[in-house]
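Chain IDs A, B, C, D and E follow the sequence of writing; residue 1 opens each chain.
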Amino acid sequence: MGIIKDIVSPFAVWKHFFKEPVTIKDPLNRIAAPRYRGFHQNDISQCIGCGTCEAICENEAIDLVAVAQTKNGDSGLRPRVDYGRCCWCALCVDVCTTGSLKLSNAYTWVDTDGDNFRFTPGIDLKPWDSLKDGYTKAKGLELYPLERMPMQHLHAHQRDNSFIEIMKGYSKEEAMAEADRCVSCGICVAACPAHMGIPEYIKAIREDNLEKGLQIMYQTNPLVEICGRICTHKCETVCSVGHRGEPLSIRWLKRYIADQVPATDYYRVLNQDKVEKNSRKVAIVGAGPAGLSAAYYLSKLGYQITIFEKLAQAGGMMRYGIPEYRLPYDQLDKDINYILSLGVEINYNTTIGTNVTMDELHANFDIVYVATGLHEGRSTRIPGTEHANVYQAIELLRKITENKPIEVAEKIVVIGGGNVAMDITRSLARLQKQKYGKVQTIATSLETEDIMPADREEVIEAREEGAIINPGWGPREIKILNNKIQGLKVVQCISVFDENKRFNPKFDESVENFFEADMIVESIGQGMNLSFLTEKYAEQLEKDSRGRILVDTLTYQSSLPWLFFGGDIIEGPDVIHSVANGHKAAKGIDNYLNSIQK
Amino acid sequence: MNKFEKFSFDGDRTAYPNKKADGSLDIDLSSHKYIKVWQGPNHPGITGNMAVELTVCGDEVVEAKTHVGYLHRGFEKLMERRRYIQNCPLVCRVSVPEPDYNEFNYSTCVENLAGISVPDKALWLRTLALEMARLQGYLMWIGGAAGTLGFGTVGQWSNYLRDLVLDRFEELTGGRIYHIYILIGGVRNDIPVGFKQRMLDNLREIEGFMKDIRKVLFDNYVFKKRTIGLGIIEPEWIYPYGIVGPNARAAGSLNDVRKDYPYGKYSELDFEVKTSKQSDIYARAYLRYEELLTDIDLIKQILDKMPDGGEFMANIPNVFNLEIPAGETYVRSECTRGEYGYYMVSDGSGFPRRVNVRGPSYTHAVALLERMLINANIADVAQIMVSLHTYPPEIER
Amino acid sequence: MGEKILYAFISVFLTINYGFLLNGLIRKIYARVGRRHGIPFYQMYIDLLKSLALRTNIRHGVMFYLGPVFRFTGGIGLFLFMPVIFGSELFANFSFSGDLLLLLSFQFFGTLGMALGASESGHPNSAIGVTRGLAQMTAVEVPFVMALMAIAVQYQSISLHEIVAAQQGGITNWTLFTNPLAVVAGMLAVLGSFMRPPFDVVLAPQEIPIGPPTEYHSNYMVYLQSNRAIYPLAKSILIMNLFFGGATSFGEMMLKTFLVIMWSVFVGVSFPRFRVEQSIRWFLGIPLIIGVLAIVYVQFFLN
Amino acid sequence: MSLEDLYRKTTISPDGEEFEINPIEDYFCTDKPEEVKPVQNILEKFYNWARSESIWILGFGTGCGAIEMRPLMTPRFDAYRYGIQWRPTPRQANLLIISGYLSTKTLKRVIRVYEQMQNPKYVMALGSCTINGGMYFDSYNTIKRLDYYLPVDVYVAGCMPRPEALLAGVVKLKTLIKTGMAEGANDYANRFDWYKTNQKAVILNWDMPDYNW
Amino acid sequence: MFQKIIEKINLKYPIDVVSKKSDKLMFLTVHKNTAVNTVQYLKDDLGFKHLVLLTAVDFLEQGKFQLTYLLNNPDIKIDIGVRVLIERESATMESAHSLWPTIATYQRELREMFGIDFPDSPGVNDEFILEGWNNTPPYRRDFDTKAFAANFYHQRNSRENNDPSAHMKKNLYPNE
């Protein structure tokens, strides 16, 4: 029986003869699944050319080719895909820092020439550019952490009455975890004015080779402890990880390296190559970041350096402009002392023009490098600013540093929205807390909160500490009654810049406000004082239409060949710019002296 | 009576060559008694791109030698110069019909060594992908096995059914053949909307066809004639020849990695390990057919039990900088051909020190096949080979 | 005689075209069972043209060339000595001069020629295929000859023309009804000569040889393919004439031959293939017994 | 096949007769392939049409792309509709599909297979691997660009190309054949020495005769 | 479980290093001379009859090859990897083909890919995967596959390697 069944039952195949074929009618135009990993698309305007796609590509199918004009945070490169290598794994899509790269669900590309299979998505137009479907990175799939490793810090109630440093720095684990987030793209290097080797020193952290990291950092920046704390971190603004997540805390990683290497080891770590001293002498005016930076690199080149500093201690604005809770003096001294340990001479309390003249400098030194910075506060010049209780932020900060007594009023209004304004606001808030037990400081600025120049975290922390930040107001008048300040009258500011992006504030006079205050601090910017140059030299210097000294942008040499300028008076105000131009000036000086000697 | 003798030439076996003093066969090709026939690499009766060199006497094979290496790409070398994450797209190429097992084993190795724990949802999705891979692997096998006997009709159907599963794969993973779905730390995406319903529809259609295939193939006089009593694997060969998977289960062994060393979510699924005693080609084919039905059931269970939402990817360290402490591990999973294993050695760098792929075909297609082909009819060579379900790339990698 | 030859040419031409289209149709039927559309029914013509259009070919000696020619001749010869349409002068061919024995030898002629040609190519797969082919062919012929003998005895003639004539005059006169045992034996045996499963191990690509045609291509291939069109058709005309009362019109011939070929397709789609010794054993089993029974039946009950 | 099999040797026939065989001459053709220039006339156009509508693919799965050929020939995509058929022997095939990467060991077989095909013959290369090495660009055992070893008519991008893309490749090939542009076989004969040099440069064990179709 | 097995082995053959990976997997390092005996003991007496794999790891820096015999006990379902360190220079190891017929295949592959010799193993010198290979055995660490591929095979122009930071330096601040 079984055999008959076995012979009969196979004829069941004929059942299918009468069913419709399952063939796809038009396979050539079949649309793939919505998630299908087909050919590449790239949103050129979003892409920053970070090269993570190139780095992840295990087949070396992706190459970065130059296509666009380079702009800030954009390398000007775009990925070119070689379909003679690609395996459509879409890891490039998963790691794309901006999310610009995706795969469409087009899949047909037939060609007779194998050389044609290379193209730059988004630039070489392809039929699938307009396709909507295709593979994109799924929400919830991240191949590197997007969240920043938080740093241990003092809470508002722990810090609001003292000048103890707020940020505690990374522990080793934290630093490693944070350094691990780096995708080593190198976009940050260009954004950094000093072009520090950021990916390299982050790599050194991952490798736990901090001495190597320190060496890397000192190649371009001799003030790493300082920059690790107070740098304006242009690198973090452009950090490619920051496009979809939080940027790497590059500044804190820098600080981590500097913190971990004890000051006693600096000389051993950094002075491994012997420097031949020469007899050329350079005078540097101002022991601020630019001066120190130039001094460091010049002394590395063998020059004999003498710094003339007006104040009692070195550091310039870093010491006298930045409160201690952001930059403790011992850390500042760590960097400065190392520079001084290289044989740099420094004359404190020496004012040019008073203690020593420019002529003497010119006579005694081959080169004079002037980096005196911006130490003169600017006034709003509204009615009432001449009152004694109207201060300049920069003066007050210097006094706080010098431990000079300050009459801290009960109610204070700070005019200004920059970092200096935040510094003075928070410093005064602390003094108020110490004196009165409560904080009554208001900071107001022209710019509304979204365009305030101050760092975001500064504003947040200031608020945590009890200060009131109330931006978007234009100061009109300081009300004074009986020679006592009553407060500040302000009107609403509608816009700060005109369509040409020039400073041209517009106000809505109908909306007024009044901030009560006993004391008013102006912090709307600083100016320079170059009176020490005397007319003899000042006249010889070329200046632009707005009266700024013209220098060579690469060497910082002025029209007087022996006179170089740098620091905030040329660029800034900003530590890292000063460091950078100090470094460039050092190279410029070296080149210049070498060239005239020949 | 020997099982071999029962169904073939009724014991009329005169073709055995004599043995030389050293034990090797005394085959003098110039005597014109024996000829060499190469089956493969370009041959329809060979699984993939490999070759079997047959020395035949009349219709009977007296010696067989497997030649592999036609697909050798040096994966194990290439993996040593790629970062851990970069190997994920590479490993799936080791075994084309079921790439997911490679992805799973590789990722699990890395997770074991790096101490990454995978979210629950990801385990469900991985199990789903693995079972789908098994389903399409078996479907392709059934088509191939029938096709080897000239039964193209079943081959046509089963390839259509496989395409249905591939459609679902495409929808789930974005790839038809190479899914690259399982990454270190989890999977790459959640199931899409409406996937479950479409999958169930497909499964229903597959089940319908399976009923027909049961009637047409397994109740087929000629198929039975060709397969019963042929290509027998003796139970005592299992360990000496390293036989695993359906080949071993058809010989009475009960080993199934899914039950013995549960991975993924198999411990929460309800299924039975099928086994058989006959150990011939028919038994192996029927066992695979039964496992295919089990797979369909498993996929249904997975779809039912899978939680909605949830994390499908662990928080993994930056893949660009992922470095794994020194160590070694071995991870196995049960693919359609049996135990599929990855042995990984890490040395603390960002690149694996060594990855060794243990494909079941490695033992099946070389030592075992050479043994089984002896005294086989030349027309059965393809049939025996297909019944072992060998796949050359995992032999030579 | 001259016009006979002309008629023969015409009938060969017509039937060969019918054979091509029939082959295309059968492949479409195959495809439909596999749930697809399959090639266009006219694909065979394009394939022929393509084969002719090959610019180079490789020869392996005279016999290599003659193999396909013999094979083709076998098909044509089988066809030419049969009455295709009973009573039609145009399609009567040379049936007057042939008898069943000649037809039987023509069946072998092609296969033997092929054997020589394929062996000449030197390809081991060809040789293995030819051995299998000849072995199976021989086994097929045994029950088939039994059926033939039963019919010859039944009609007391070995002239096909007379056998067809004897079956005219109503469906009950067909051998199918007068001698069902012989028909069963013949129909089972004839499965073996259509090269369809389960008896196509000769041409099986998977089981070592691709068969005798391994080395054939270009115009050799054309011969083989033409033979593929005419031989099964000729064979089914023979079956039709022997068992199913012949045909009196072209339409009837087309229908009956289609059904005969469909018989092999009907089986072929549903089964895998036998190994050669299995098919031999099969042919020498049930069909042979039925064939013997048919002779016995004819010998003792009909006469 | 080993090198010794190619040497001239003496054998004894079953009758006991001694005779010498020279495998190279006896088993292999010893002529270089010749370029057969097509005569451009209406017949050739007709032939080209026939060639394009009847493409016989050699069933040689050289790499992983072979996996997509089964769907191609089965109900879902049913390439038979397009006149595409399967051939198990190179003699009868017109189209050689190099399905992905080629290890040098396979390349050797592929060359033999290609040379056994008859003019006109076409090569379709699938996937990245045949264009520029693909995933295996750094592998020591796979060739990187196929067109140095065989004349390639059509490349299909993908890894693996889907059956639909493969069909598109065949459609492209058909237009090439119809316009008479698919003359790979003649190109191979023309630049035979160049191809041979390249082939010999990568195939370490060249134990096959140079002319062997 | 593992403790008992180790004790049993230790009675007969010395074990150098034991590293336990999980409840199911453990690795032992044994001496070269007693390795095959240990493996045999595990197979015959302790039920580790399933040879999962045999492979080698090249520790180029130490000048050693590590051979790993991974054995599985299908009854108690645990795995033991037996590691043997052998010298990289003229690497030779005793063949274990008498224990499992399949191991000859592994040894053939190791001979070809690592250049480790297993005298007496059947067909150990036959070509297995490669054909006519005359270079360093490819799985050795000192064989640079990328360099080999670049020199040996024709390739189309590959990538030019534009590093973003280098490119930006060139474009934005070329003289600094």
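Please note the rule applied: a residue touches a chain if its C-beta (ideal position, glycine included) is under 8 Å from a C-beta of that chain, and two chains touch if they have at least 3 such contacts.
It should be emphasised that the depicted structure is a prediction, and the values quoted were computed from it without experimental measurement.
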Label-sorted list of chains bordering both subunit A and subunit C is B, D
Farthest chain from subunit A by C-alpha centroid distance is chain C
The larger set of C-beta contacts, choosing between D-E and A-D, lies at A-D
Judged by C-alpha centres, the chain sitting nearest the middle of the protein is B
Subunit B and subunit D have mean C-alpha positions lying a whole-number Å distance apart equal to 29
For the pair subunit C and subunit E, the C-alpha centroid-to-centroid distance in angstrom is 61
Per the C-alpha centroid definition, the whole-Å distance linking subunit B and subunit E comes out as 23
For the pair subunit C and subunit D, the C-alpha centroid-to-centroid distance in angstrom is 35
Multi-partner residues in subunit B (2 or more other chains touched) are 44, 69, 72, 74, 77-78, 81, 89-90, 153, 155-157, 160, 178, 216, 220-222
Multi-chain contacts in subunit E, i.e. residues touching at least two other chains, fall at 129-131, 138, 143, 145-146, 156, 158
Multi-partner residues in subunit C (2 or more other chains touched) are 31, 33-37, 205, 210, 269-271
Inter-chain touches occur between A-B, A-C, A-D, A-E, B-C, B-D, B-E, C-D, D-E
Touching subunit A in the complex, subunit D uses residues 75-78, 81, 125, 128, 130-135, 137, 145-147, 152-159, 161-165, 167-169, 171-172, 176, 181
Contacts from subunit E onto subunit A in the complex sit at residues 156, 158-169, 171-173, 175-176
As the complex stands, subunit A meets subunit E at residues 49-51, 54, 60, 62-66, 70, 75-77, 82, 84-85, 114-115, 185-187, 189-190, 195, 199, 554, 584
Subunit B residues touching subunit A in their complex are 82-83, 85-90, 153, 157, 160, 167, 170-175, 178, 180, 183, 186, 188-190, 192, 212, 215-217, 219-222, 224, 311-313, 315-321
Listed in rising order, subunit B residues that touch subunit C in their complex are 9, 35-37, 39, 44-45, 59, 146-153, 155-157, 160, 216, 220-223, 225-226, 377-383
